[in-house]
Amino acid sequence: MSALLDTLSWVLLTLGGLSVLIGGIGALRMPDLYTRMHAASVTDSLGAILVLGGIMLQAGWSLATIKLFAILLFLLLTSPTSSYALASAALLAGQRPFADASQDGEGPE
Amino acid sequence: MELLGIYNYWVFAVLLMTGFYAVVAKRNLVKKLLGLSLFQSAVFLLYITMGKVEGGTAPIFPEAGAAVFSNPLPQVLILTAIVVGISTTALGLGIVVRVKEEYGSIEEHKIQEIDER
Amino acid sequence: MIVMFGIFLLTLLVITAIAIVRTDNLFVAVMLMGIASLLIAANFFLLDAADVALTEAAVGAGISTVLFLGALALTSERERAKSWNRLLSFIVVAAAALILIYATFDKPRFGDPEAPVQVHVAPWYLEKTPEYIDIPNVVTAVLGSFRGYDTLGEVFVVFTAGIGVLFLLGGGKAGGAVPEEEIDEGLRHHLIPRVVGRVLIPFILLFGLYVQFHGEYGPGGGFQAGAIIAAAIILFALLEGENRALSVLPERVLLGLMACGPLLYGAVGLAGIIFGGNFLDYSVLSSNPVKGQQLGILLIEAGVGISVTGVLLGIFHAFAARDS
Amino acid sequence: MYYVVTIATLVTMGLALVRALLGPSVYDRVLAVNMLGTKTVLLLSVIAFLYGRPDFLDLALAYALINFIGVLAVLEFFRSRALRRNAERGARQ
């Protein structure tokens, strides 16, 4: 049983690391702000679930698990909110979501 | 490995001087304050680095098994210094805001020009 | 391996610092400063300073960005002038950096348990804390009891800085072109942040109280808790507008908090004298000296928390009130 | 195995920093700050277990709770700036 849990947490942690990394690459390589945000925020949530889930399996039943669950819960609440706030601020300042490389060099001015 | 041991101190030196450069060379007052914050962070880093003991852990006794602990004293000094740092930075920002209201600019040389007139 | 992690983070930190100095957009510089704060907090944690990392997290994550942005809104976000005497400054700074780096070769090895810093008072603190105070967190013990004078001084510095900001920015408003009620709406029209914020603010406050009163047992204490509670109220002010935040915690209450914190701290010190001990000697507060010490630390941490909350909120409101 | 996650997180922090340095717009930099914030939460939780001191998860919890205040402040900053600009334009006409 514990070997099974161990393997499962291994898998979750590796997948989590992978998705975090993919998010980072996406945020670097995507052509404009909104696609970059998409890459970053979606993998953020998935990566957080996987990584924290993996650690939770390692921690077993303890106070740490509850804290990890709280961290996960708050991350899942705050991370999309800040993505929303960011996209809203960008739209407000007149950044248009065109996936066109010539459009994204504009500052807020 | 020997050099890695003092890498933290090098980072301290570079960080300190980067902040100092901003304070000396930049004319924008907010930029100067940002430089000052960097300078502060560098000093914090120096203290905490010196307090680290190899193989140690944070100086909070765990429930079981006493281990080697890092030095608590620098941590106490820096803990208070961080909060003091943000309050004094806020005071500096307050002065900058007042300067902007009186002079209409936060660039040092413009303020001097107005003063000489 | 962990040493390598630290080195990687420090390298990122240096890159960030150089970028902060080089950019001419102050808004970008403030954002990069947020990154620097995250990196340095992670570094503190790697260097075994959980309490310091928590303080940096509480201050750097919300409050310092908010204050800098408030100042930028009142001044300008572009740096217009070129640097002054760039070459000369660079030479001076580079020379000083080289001298500092040269000096580091005489430093004791990183993490050396025999280094001069580690052999004087620190072992005494670590050894005597269980005996005199009997709380697990040595940092809190040193902060509250062994070096209580220092902390009292720091609290007064924070208090003075808060009073200074209120003197500079309080009172007469600059008067802007935007109608008061429009600017004061906060983010009320943004439904998602508002809902999430309403859910989260109680938890942040609860977490602040946990950090405050759990400070004897884990990372935490008055300074961190004050910053976290202030961050919660600042979040409320961002979401619901200045005036609603002020009607929850009016300016008079904030001033009261600012003054009460140092007063509580000083009163605990004086109580020591009245009960026949020295100033800030908590052992006499209770019949059992260890219990007395714990009671004293609890009270002075409460004083610190109250004063930090009051000062940070007072500063925030002073900046925000100008912005209209 | 914690090392794998830690290294992935650190590399991602490096990538996010590159994004913050490249820009091009200020929003990309805010995005990078936000990414770094979440990555820091993950890093701190993993390292707390790496050190064998899970009671230090408080730190990650603090970041998870208050890191988004910075981004909300940015939104509020741009909102009030847009309002001020509109008012100035209105005053000129």
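By letter and in written order, the chains are A, B, C and D; residue numbering begins at 1 in each of them.
Note that in this section contacts are C-beta pairs under 8 Å (C-beta built on N, C-alpha and C of every residue); 3 or more make two chains touch, one makes a residue touch a chain.
Not measured: the values here are computed from a predicted model.
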Most contacted chain pair (by C-beta pair count): B-C
Centroid distance [mean C-alpha coordinates] between chain C and chain A, Å: 28
Inter-centroid spacing, chain C versus chain B (mean Cα positions, whole Å): 12
Length of the line joining the C-alpha centres of chain A and chain B, rounded to whole Å: 30
Residue list for chain D, restricted to those that touch at least two other chains: 13-14, 26, 30, 32, 53, 55-56, 58, 61, 65, 67, 72, 74-75, 77, 79
Per-residue multi-chain contacts in chain C, two or more chains: 25, 50, 72, 187, 190, 193, 197, 200, 203, 218-219
Residues of chain B touching at least two other chains: 57-58, 60, 62
Chain pairs that touch, as defined at the top of this document: A-C, A-D, B-C, B-D, C-D
Residue numbers on chain C that touch chain D, as the complex places them: 1-2, 5, 8-9, 12, 15-16, 19, 25, 27-28, 31-32, 34-35, 38-39, 41-42, 45-46, 50, 53-54, 57-58, 61-62, 65-66, 69, 72-73, 176-179, 182-183, 186-187, 190, 193, 197, 200, 203-204, 207, 211, 214, 218-220, 224, 228, 231-232, 234-235, 238-239, 323
Residues of chain B defined as touching chain C within the complex: 2, 4-22, 24-28, 30-31, 34-35, 37-38, 41, 44-45, 48-62, 68-84, 86-91, 93-98, 100-101, 106-110
Chain A to chain D touching residues, read off their complex: 10, 13-14, 16-18, 20-21, 23-25, 27-28, 33, 36-37, 40, 44, 47-48, 51-52, 54-55, 58-59, 62-64, 67-68, 70-71, 74-75, 78-79, 81-83, 85-86, 88-90, 92-93, 95, 104-108
Interfacial residue positions of chain D with respect to chain B in the complex: 51, 53, 55-56
Touch list for chain D against partner chain C, complex: 3, 6, 10, 13-14, 17, 20-21, 23, 26, 29-30, 32-33, 36-37, 40, 43-44, 47, 50, 53, 55-56, 58-59, 61-63, 65-67, 69-70, 72-77, 79-81, 83-84, 87-88, 90-91
